[in-house]
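What follows is subunit A paired twice: with subunit B in the first complex and subunit C in the second.
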Partner chain A sequence: MDYPYYPGCTLKTTGKKDEEAALEVAKLLGFELKELPTWTCCGVVYNLTSDVMADHLSATRTLIRAQEMGRELKTNKLVTLCSMCYNVLKQVNLMYKNNPDKLKNINLFLDNEEDYLGNIEVMHFLEILYNDIGPEKIKEKVKTSLKNLKVDPYYGCMLLRPKTIAFDDQDSPHIMGDILSALGATVIENPMTVECCGAHQIITNKGAVLDCVERIVSISQKKGADVIVTPCPLCQYNLTTAQKTLFEKGKINRKTPVIYLSELMKISLTESNQDYLKDYIFIKDKLDERGGL
Partner chain B sequence: MVFTVSEKGLELRKTVEEISGENIFKCYQCGKCSATCPVVDSMDMAPNKVIRLVQTGDMEVLNQNTFWVCAACFTCSARCPRSVDIAKIMEGLRNVKLRNKQDFINIYSKEFIEKLIEEIPQMAIVSAIKKGVW
Partner chain C sequence: MAEKNQIPLVSVFIMGKEYKIPSGLTLMKAMEYAGYRYTRGAGCRAGFCGACATIYRLKNDYKLKSALACQTTVADGMYLVQLPFTPANKQKYDMEKLNIAHNALLKEYPEIARCISCNSCTKVCPQELKVMDYVQASLRGDIEKAATLSFDCVQCGLCAFRCPAEITQYHVGQLARRLYGKFVAPKAIHTEDAVNKVNSGAPRAEISKLKSMSPAEIKDLYKKRPIE
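Take a look at the complex of A and B:
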């Protein structure tokens, strides 16, 4: 089965590794993510005010593109890889479902586009992996078991909050852990798994991000995680860069690599992963004494 | 105790309620939002106090950095026992400032432009602009 896929801005630049790996993982699991032919920004943050509609326009345009592509692919799903895009598109979509008046207004405004009918289902890549494929089937396809690897799945905010858009338990999510267990990894439990990484405060208030990351990472390290796994490009960036600063300041005594779930999946699901593994020396180094992957 | 609320204070309360769509008096000051907020350490005033000031129509609330520091992570909204969407109230306060042409970020400042040269993900830059610039 093929899914319409919306990448968003960051997956084409700093989050490139996530997209590359995820597209390949999809192929290895027997489905394809087909990028929307034209797309705009999703809006990045969902406008929480009750009286501004203009901020929802770019997300609406994307939903219309998905509607067009969905007709060809005979599906009403739209897949995103980025947590932020997932959050915004799903909240905008939900707002239309709950307020048909607003949908009518926006359709009148967007008179150069076809009408958005409000029946697209926005899904995150993780949901597809868990609901449409399932951990059992992923387990069958594993070529290299990630045994000996201790992973800390970190969700961040945007996949689980607000409750109306959450696809997993808000306080103790398990989907990412289940998938990682299917790959053979040892999943550790970090109570900070749904804590915020500081998000866009990295621009205006780096101190807040440092505080958040220190809390998340120090618990993760105490529990002995080799890698922190996240689906979000901003979490990945914040956790990585803040750790550098925290390490220089002596607040943490080592840096834990932060990688995307799709990257670990690619390592585990590809037959000849030696070339690819070269980029992940830290994983190899850590595991040598424990007998490798 | 009798509160006298200034006319400006009343207007502020009404505007915040209108923009956010939330009933500010649902809050009974338990402080769970402040206890759960990941960035509360950087705030001048804890989120529950900010809500109290809006309830009492105290204009001082607009001089706090609380709503600018808010990362819109929705943790407070998810955990509020009175289902007050605090994130929406923070957005309301931000909008009161922004609609009065009091931007938080000057996108033409050297400081901000230097950020653009660093390899910060676009999503962070656009979020910061959408939260801090009208």
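Take a look at the complex of A and C:
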């Protein structure tokens, strides 16, 4: 089974590691993410103003590209890796499902594209892993159990809010934890897992991001997490950069590495991961201290 | 009174005034036929320079169309105006100080982040380039794609006129091509070799020999030149 895949701008720039690892993980699990031949920015945020349709053009074009590729691959699913893109594409798609008149209007405007029929299902990579593959099958494919690693799965807010687009429990999500358990890792529970990392405030109000990240990371550290795992490139960026500042200011006494779920999965699912692990000394050291992998 | 074989005339409205123009003329020649004289904005008259960007509408068609005046022939019921210049911000940059980091284009032209993918630029482009796609490629730092997709741009500026996000697409594309040429594309070693050869003075003897020849001798030499 292959899926049309929408990367989004971040996955091609600051989030490259996530894409590289996720494409590899998909192959190891027996499916392929096929990048849409052309795509535009998702729109960055979902515009809640009900009568401004121009801001939905970007996402709509991507949904049309998915519709075209879906005919070839015989699927109506579109997979994203970035939480922000997932949120925008899914909300735009849902808006069309609930408002056929708006879909008609936008199709009239997009007169040099085929009509969008409203049938695409926007899925996050996590959903594919959990629903289409399943933790059991992932467990079978594990080459290196992460049994000596304590992980803190951090969702952020874009995957689970608003409720209409959430694919997991909004207050105590379990999907990422289940997948990490399947890899053999010890999953800790952090009540801050669905709290916002500060998101785009990083540009205009860095202080707000520092506050958010301090709350998230200090609990994670008290609970003894070796690594924070996230599916979101913006969370990964904010949590990593804010920790540097927090550490310099003495607000936290150590920095916890923040990596993508896909990276950890690649470490666990790859046959000979020694070369790849070299990039993750902090994990290798932790595991060596406790008797290796 | 119509003569035999007379070229049929069509109605063309230039800045609102109707003129009867022989069909088959280009928009540029039609303007001249109607009495306009170009002192600027005529450009190369061959579709390469982009100086004669024109917008027009056809009777009973809601769409605003565009063309290069030197490359398009008149049609009956055409309402047109030529836009010989585009006021557009153009960054001054020092190529030696630039790089090809993923935000290299975004740094010089941050307004590309305002693109809403409306595709107005692509629709208006008289060169039929995928303008929106190269703006989107620029946004995500894909310099090679931006350079390739914008390669045939003639810098007419129509895209910048139509953009609701006020992006100056053609300047962004130009920077992408410059970055691609300087940092990505393979170096043209043969050109470098040829320049070195000239600088070394090797061809000087041959040139002095030519200089000393009479016109008849040169003509003879030209006729006997090896032809591939």
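In the analysis below, the second predicted complex is superposed on the first by the 293 of 293 C-alpha atoms of A that agree within 3 Å, B and C clash if a C-alpha of one lies under 4 Å from a C-alpha of the other, contacts with A are read in each partner's own complex, and residues count from 1 in each chain.
Here is the rule we use: a contact is a pair of C-beta atoms (placed from the backbone, for glycine too) under 8 Å apart; a residue touches a chain by one contact, two chains touch by 3 or more.
Quick caveat: nothing in here was measured; it's all calculated off a predicted structure.
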Subunit B versus subunit C as contact partner of A:N112, first or second or both or neither: second
Touched partner set for A:C9, first subunit B, second subunit C, both or neither: both
First (subunit B), second (subunit C), both or neither touched by A:V45: first
Comparing the two partners subunit B and subunit C, which touches a greater set of residues in subunit A: B
Subunit B versus subunit C as contact partner of A:T270, first or second or both or neither: neither
A:L57 touches, of subunit B and subunit C: first, second, both or neither? second
Which superposed partner A:C157 touches (first subunit B, second subunit C, both, neither): first
Which superposed partner A:C196 touches (first subunit B, second subunit C, both, neither): first
Subunit C-contacting residues of subunit A that also contact subunit B: 9, 13-14, 41, 43, 55
In the complex, subunit B residues that touch subunit A: 18-21, 38-39, 41-42, 68-69, 71-75, 77-78, 85, 87-88, 91-92, 95, 104-105, 112, 115, 119-128, 130-132
For the subunit A and subunit C complex, residues of the former touching the latter: 9, 12-14, 38-41, 43, 54-55, 57-58, 61, 110, 112
Subunit A-touching residues of subunit C, taken from the complex the two chains share: 102-103, 115-119, 123, 132-133, 136, 139-142, 164
Of all residues in subunit A, those that touch subunit B in their complex: 8-10, 13-15, 41, 43-45, 47-51, 55, 82, 84, 157, 161-163, 170, 194-196, 198-205, 207-208, 211-212, 215, 233-234, 237
